[in-house]
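Each of the next two complexes has subunit A plus one more chain, namely subunit B in the first and subunit C in the second.
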Partner chain A sequence: MRQLCPALLLSLLSLCVFPPCAAASASAAADYHEQLVLRPLPLSALLASFNFRSNTTVSEFESGNFRFFPRSLGQILQHAGTRELHLRFSLGRWDAESWGSRPWDGAREGGTGVELWAWLDADTDQEADHKWLTLTNALSGLFCASLNFIDGTRTTRPVMSFEPEGDHPNTSAHSMQLLYGVLPHEVVCTENLTPFLKLLPCKGKAGIATLLDGHKLFDASFQSMAIDIRPVCPPGGECVLQIEQTIDMVLDIDRSKRPRDNPIPRSLGGHELLCDTSKPYHSHDTCFPADQDANQDWSLSQIFGKSMKGTCPLADPTVPPVCLQVPESRAVYTIDGAVEIKSRDSRCFQISPESDLELLLPPPGDEAQDGAAADILPPGTPPLYAERSFTGYGQERGGVQTILRNPSPDTEVEFVYMESLPWFMRIYLHTMEARIAGHPAPSPDNHPLIQQVYYRPALDRARGTQLEVRMRIPPAATVFLTYDFEKSILRYTEYPPDANRGFDVAAAVITILDPQRNGSGRFAAYTIRTTSLLCSLPTPDFSMPYNVIIFTSTAVALAFGGMFNIMVRRFVAADEGSEGGLGALRGKLLGRLGAVAGRFKGNQ
Partner chain B sequence: MDGGKVTQGRTAGLYVGAAVLRLAIFTLLPGLPDLLTGRVEISTPVTSFKRLQEGLFLYNHNVSPYDGGVYHQAPLFLPLFSLLPSFSNLPIFTYLLYIAVDLLSASALWKIADSGEAGSAALFTSPRRDKRWSGYVIAAVFLFNPFTLATCIGRSTSVFTTCAILHAIAKAVSGAPFGALVALSFATYLSLYPLLLLPPLALLCYDRQRPERATKSAAKFTSICASVVAGVLGVLFGMSYLITDSWEFLVSTYGIQLTLSDLTPNVGLWWYFFIEMFDSFRAFFLGVFWLHLSCYVGGLTLRIRRQPLVVLTLLLGIFAIFKPYPSISDTSLFLALVPLYRHVFPLMRYTFLAASVIAYASCLGPAFYYLWIYAGSGNANFFYAVTLVWNLGLSLLVCDLMFAVLRDEWEVERPEMAGKEIRQI
Partner chain C sequence: MSLPQPPGDDGAAKSPGPAAGAETVAASSGPQAKKQPPPEKPSDVRRRSRIILSFWLIVLCLGLPIWWQTTSIYRADLPLHEMLEWADGKACRPVFPLRINIQADSLQDQEAQNLLRLTQHALDDLNDFSGHHLRLQLSPPPGHPPESSDRESALTIRLVPGDTATASLDPHEPVLDITYPPNAIPTATSSSSSLATYVAGQLRSTFAEEQATISYLLSTSSMPSESRPLGLSPESAESLAKRATRSLKYAPTYHLTFSLFTSGPLPSSWDIGAAIADYMKPVLTVLSPIHNFTIDTQVQLYATPGVPNEVLNKEDLSSFVNAAEWPLSPSIGGAPTINFVVFVGNQTIAGERAESEHANTGESAAHSWLIPQWGTIYLLPLPDGTAHLSSAALKQPLLTFTSHLLSLLGAPRSGSLPLRLSTLGRIRSADLLLRASSTLGSLARLALALPSISIPSSVADGVSTTMLHLRRACETLGGAEGLAHARVAEAEAERAFFEKSMVGQLYFPDEHKIAVYLPLLGPVAVPLVMGLINELRAWRRRRRERRERGRGKKME
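Here is the complex of A and B:
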């Protein structure tokens, strides 16, 4: 009976027909929780962080009893021998200059496109490659993404940039292999969101997941969907396998508030404009538009297009489903029945499972306008700003320049800069140089910026470049990291249909190392992804393979024919020897005809 | 232009002049070397100096340069250039090395010219042999040829191959078969294609053996040649293996020439053909192109058996057109040997046409490449068309030289035909 009951419960859960029964089991296990954190950002942006987390014990997982863990994903992990998995679907750019430090310290963020890294249980490289192929193909089907295109040329094995997040027993640590693949060209869209929501116990039918709508999510200025699976061993307890699904999105409030049936922005009337009155030229007929911080009034249904439909009955009821990070002075209206729990910088709302939640933030009052930015929390300062771009022009060669700025006035920052570049960008490592802005010479010798380099050069059509650089930047310094590369020209079948658009180059991953790290502490204090780049390669003319084959063959034939002619034919004086050309042919033909005619006559 | 009396002073003057000109370009125009190094007409994937620097950097940092797609040159370059003071700090030593190599090539060329082999080989003496240029003129033509200069300034590693080939020929005409074969093995080791020069070079050595140490049996001589080349190549490969600790360099250095995996544009015919080639026919046409390249060796060696130096010259011209990664350096080697045949110049029919086509392509090539890659107002066909013209011009020159030499041979049998209209049947 004890064995029957969970199985029965699970089947009921997956159908989700008896919420009371499910709720009973959830409260017994309390292994699933979900939370939405809303944080208004400067320039009328709003960060919405969805977090869904569930655990299942490793022994139950291994016996095929998945509980809240999605079965489809669990079976893939078991089949591919995956110990830890991280999958990211991202779009847009986190604007660190105005939005400040990243949610989750960048740990749940990916570069544009799809990023996947996993620790696989394998003794040899071949075994790891084989399992990786299985994993990417299975995930490709599950998430409707082109993950199966992560082949050898897009897979690297980072050495310094990643460490397992979970607790792995020491016995298995040496047989784990890390593989990292990235698809910068992948366009993340609704077809990836649907399978993502299906992994949730409530499938997007109840709880905060009801707010997730493809129209809003993929209209955001920045969005990142993350799936992290890792084993967690609490001290003294049984090890559990944890799946954490995260969605971070930065919505433009003005854009989101546009009605869906009339999304074209219209210019505001003169009386609706918000003007910066501090400008000297401000008068009744000139207006410099003010930053939109001051006008952050919104409601949940305006932003997401609908209100939240109850709570997920399977979720841990002690965790409030929605939290808002605004100053305490800000007025917030909710529906009746919602209980507000205030803590420092965070105001959470607890509702009953059946009622809908609606939040409304009115425009800040006049008193808030006096104290600057009192209506939002000030954004935090990230430990490092990074910006990467191409230098040079033309389709033959170029350079990559990364500008790294340490904003801290007194602490130096140490990090690993990782690039995984496609093979057709041939980089010249001997040109790599790091210099501090304002210093003409490369880094002074007593304080080398580049501490360590791990480089695995690209092999044509087989492997991409992997470059990891451990660097240290002194306080309040800006460093330029540059290197040159050459663009190779490909076979015409290797170009995509939109060849002149260019080729996407994956984001660089910057892992800031935790200075206070001790034996088991956190490895990465903060993670940054730069934007991806678009590299345009020289293109051949796609329309004329036949012509080129014919022209080149003609040139070869002309040269060969000319030489062959000269070599094999005899020299004679112009008036010697038998006649050549048409005359000879005519003579031969006439002779033949005469012979045939003669034979014919003879026969008669 | 017959050279007149060549004194010690004039010799030294020529070499010093060439060296000073190169040094002046290196030092007075410091941007030019890097500009020329980046030109596709000068640097190919298998000879580029920038790639050499990258290979050297990886080699000095204990990363195998052959485990990557950038460095495709012979392993012995790595210790050679490591011994030189670092290029980034003291580039002058690298410049001096390149200048010295050019001067060595010129001195080999001078020896070839002075031997008179072009006009009077062991088995054939041209009736026109008296009309020739001295070694001084021929060395000067080589040293001040703009193609040679550009190659030297661009620091393409093909100058080493050029030097080795010229020395192989110089040793062969001066009756030192062993030295010739060793030099040819070096050339082969550096860039593979000179192996195809072995049959005519062996013939040249055979014809020019010193009487006191001559091997009369052709079969024996052939086997000695083959074993010397194989032995020297074996030693070179062994040394390379010791340097790099793996055989990866074979695939990376010679495999790329056989499979053309790097399709960087150059002045040859291969790159665009194999960009546009259908995948299923790629292997077939690689085979065809290599077969085509090597088919000339047998034919020419047999047909012009009496003048092996002519065969070598014509083959170098053909290689400058049809080898997988040709550059203007190969053309400059061919053009260095052409003036040896001053005596047959009157028999050539299309010199003006060939010269104008080559000049036209040399001017238009960089312009069209710019239009394609930088301005974006042209496409790949522009540059491709110019390479076609360039190669047709070169092949016209090769054909014409072949015609002139053969007619010169024929006129020995028919002395009365000199200066008369002829035709071929």
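Here is the complex of A and C:
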């Protein structure tokens, strides 16, 4: 029963923590909607989830009248024949072990770098490729990202991992093609945030978007910016095109509270240290730092550097702009005039459009000291933990090992594991193997871990490897999925600048399938991205071409000179030949010296 | 190379060396004691010569051509001479023959012919610019089906008897209505007529602006001076230059973007669809034979202009558009974008106005200005709290936008709308023709100036297509067909000029070549050259010896 509790709590949480996701189709009628959900996490972290959603009817979109929907993006979609688009900019790693389950069940998250997948309206593969090229180039200009580097080698067509989120008419389903591209090396930064904010109807000038600031966003331990565009057809209503922009960031509270003009952390004085007094060695001169959960006092302006400036007047007035998820027992102070709407574990705040919102969480009171968990909501348990790393050594071969752990004590997890690997990692598919930790032999055949494999081998310099594996993991089991690969040697011009850093390998996408798919359930119950990997390839000395030229030239010249001389010259006995080389020169010099010396002597 | 040199190479160096112990003893006794090698067999000498000769032959006949072939840059043959001729205007004289129909139903055929002849005389006397030629013809009497030439006519003159001589342009059709007093009909014998002079004067003033524009275009291009007109006053040239820089480059499709920018949160919606349909669509429909238009609209709140001042000076107007923040990115696809911005805010323009010649409507003058080749900004002051802009409130901005659109497209300012549009077509074809020619000239000069630039065959194809279409455009100048040909020619010329692969190898410095070639060619060339020199010397010595020997024999 005790073990059941987290699972129950998780399902409850997933319903109430992120209501917009569940209610996405229900509230599609409202034209613009924005909400910020703040949720303190263990280890003095704070999750801030910004969500902006705007709709435009399909007829307005097609006639080119843009009001809430950004024109710049709308034109690109029209030009590239895009039905549905998903774009992700991410940085950092979601620490599932301590932070628990992901926001939006991982649906609004991407792997490190930039990820893009879209359903394009195309009948043939060539047409789809052409439109994909147009789309990536246009988005590249719009978001100041190197999306134009998503070429054939970085594009795949996933088969099992993705399904459209929007409502597409059945007639057009056969002419839609899914393309997926990823740039793991891209560094997401302020220049990507600025165009992101420009797409919002209220820009960054009013509403929750005023809290978004590049200094804070890209200083976070984890951040993910997402743009999702999909058609939504409410039953009985006109179809709308919906753009949803999401930013999730996990801020380190201590780090954020440092003043911006003096960001260097200073060590605290002895009396300010929080010590764990339960340790036996605790005394007046030894201190074991206490768990930082106790330090969860903050205010909105401390965390984001400024307070929220009013609300966006276009936003749906029934949706409170800011919600805070803390236990009921926790005290929260706000400005006068803010209306607090309390529900279980969640407090939302309504303010008038002109006033600034400020939130203040005082340090937890003494009554909460009996259990640290009372300060924050306990994090939910994700359905699966995944981590991926390289194995092996040397410059020739390597291996990839993914450790997948099902924490649930009684339900098995079915998911699709997708890798899109660069072409220079040639995997040996026969070495792919999944085994349960503790079982030395591969799993018995009557219950295979690997249910289905879709593999599209790489072509050198033309396309990357695509590997999709549908797996099922029994309850409370840890599975190792391993395979080996060979590193190929690149051509001289194919190495990027700073080749010795290594080559980024995109995150694996793990899509956990919804067991209640048959009903109205979503395709993916939960999505996980592993971290990206850094693969080091043998790198040459880049002055090599000149060295090779000079070396071979010397060898050729030596061989040629020797051969030519042997053929052309005449061989005579040593005493018959004329003097040549150094000996002749020395003789000449000696003769001259002797003559000068003789003249000198004669003068004397 | 430790091999001993062939004997006789170095006759001067006969000094002793410490080669061997026995030799030092011999050498100390004198150079004469040096042992001579046995004389070479003639077959050996011949073989050596052949070896050296064959090496040199291989180098010269095989090595050099291969090297030349593999390192040379591909340069397609361009008709440089013809291209330069086009650029200099020697290949085509732009002539616009304009047909003008005279419709005189009330006149006898004989009278009409006479009037036509006199008017043509008067026109030819007035005209000083051969490129722009007005040709009169009688239109067929009503009831007959119109011939093909009738449709090509630029203007129809409708002569109607009346009290006094008046002229007025029909606002909807290219028709000039002229009334004449009954006594003004010239008799068959008279050599001059007041009516003919009057008609000629009217025609000339109608086409004066077109003539000036075309002659301005010709004078700014590198066309030879004989086809240029003489009389262009500096003021009119300046105003024409201003208009030419203001108008956009010709494109078959333009993209119109209507944006509502507000400095605060309101208004956030507008009836732009209805307003465009009411106030702008009629003009767009008339323009549709020449240009296509695509339209989109957007609303942007919380827009801060690039100039924070409340009162805008003339200098502020150019920096009013906040390019960094306002999402006015050009549309993707080939069509150029024209921006029409309605800015709702409390800014006003200082002084009476910025560009008075655009004040078609006096009221709008103080609120709007035109940004050359970009679009128009209209400042719309609104009472606080207006949440929605109705179609009626947008009337004035849209009328302003419409008149600015015509000047952005380069249409002349005077005349009736149909006449302005047909003039626009002619001006555009002249402009495109001159542009394409000058691009060809630039390409030819580039190819001449940079001998190391590669010219792929696609450039040569583009050039030949351009010249083909230029030739056709020149033949059919003035009509719709000429415009189409000029458009293709211009697009092809641009494509050929901006060919990407031409820039690739532009910079390949000589130092690199030396660094690559020297390590190989140096060590290989030294033995080859030395061998050749030695062989030549030996051959000369042998010849001399043979001659001496022959002389010695003779002496004996």
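Here is the rule we use: the second predicted complex is superposed on the first by the 517 of 604 C-alpha atoms of A that agree within 3 Å, B and C clash if a C-alpha of one lies under 4 Å from a C-alpha of the other, contacts with A are read in each partner's own complex, and residues count from 1 in each chain.
Just so it is clear, a residue touches a chain if its C-beta (ideal position, glycine included) is under 8 Å from a C-beta of that chain, and two chains touch if they have at least 3 such contacts.
In this text, all values refer to a predicted model and were calculated from it rather than measured experimentally.
By the touch criterion defined above, A:Leu429 reaches subunit B but does not reach subunit C.
In the superposed model, A:His79 makes contact with subunit C only, not with subunit B. When the two structures are aligned on the shared chain, A:Lys205 is found in touch with subunit C, with no touch to subunit B. By the touch criterion defined above, A:Gly337 reaches neither subunit B nor subunit C.
Shared-chain residue A:Leu558: touches subunit B and subunit C both. Judged by the touch definition given at the top, the superposed model places A:Gly598 against neither subunit B nor subunit C. By the touch criterion stated above, A:Gly587 is placed in contact with subunit C alone, subunit B being left untouched.
When the shared chain is aligned, subunit B comes close enough to touch A:Pro538, but subunit C does not.
In the overlay built on the shared chain, the residue A:Arg570 is in contact with subunit B and with subunit C. Once the two complexes are overlaid on chain A, the subunit A residues touched by subunit B in the first and by subunit C in the second are 549, 552, 556, 558, 560, 564-574, 577-578, 580. Within the complex formed with subunit A, the residues of subunit B that make contact are 38, 40, 50, 53-54, 56-58, 61, 63, 65, 67-70, 261-265, 269, 271-279, 282, 292, 296, 299-300, 303, 318, 321-322, 372-374, 376, 379-381, 384, 388, 391-392, 395-396, 398-399, 402-403, 406-407, 410, 414, 417, 420-425. On subunit A, the positions that touch subunit B within their shared complex are 393-397, 423, 426, 428-430, 453, 455-461, 488-493, 538-541, 544-545, 548-549, 551-552, 555-556, 558-560, 562-574, 577-578, 580.
Interface of subunit C with subunit A (complex): residues 1-10, 13-20, 22-23, 35-37, 40, 44, 48, 51-52, 55, 257, 265-266, 268-269, 272-273, 294-302, 325, 327, 329, 331-333, 515-516, 519-520, 522-524, 526-528, 531, 535. Those residues of subunit A lying in contact with subunit C across their complex are 63-67, 70-72, 74-76, 79, 134, 138, 141-142, 198, 201-203, 205-206, 312-314, 353, 546, 549-550, 552-554, 556-558, 560-561, 564-581, 583-584, 586-588, 590-591.
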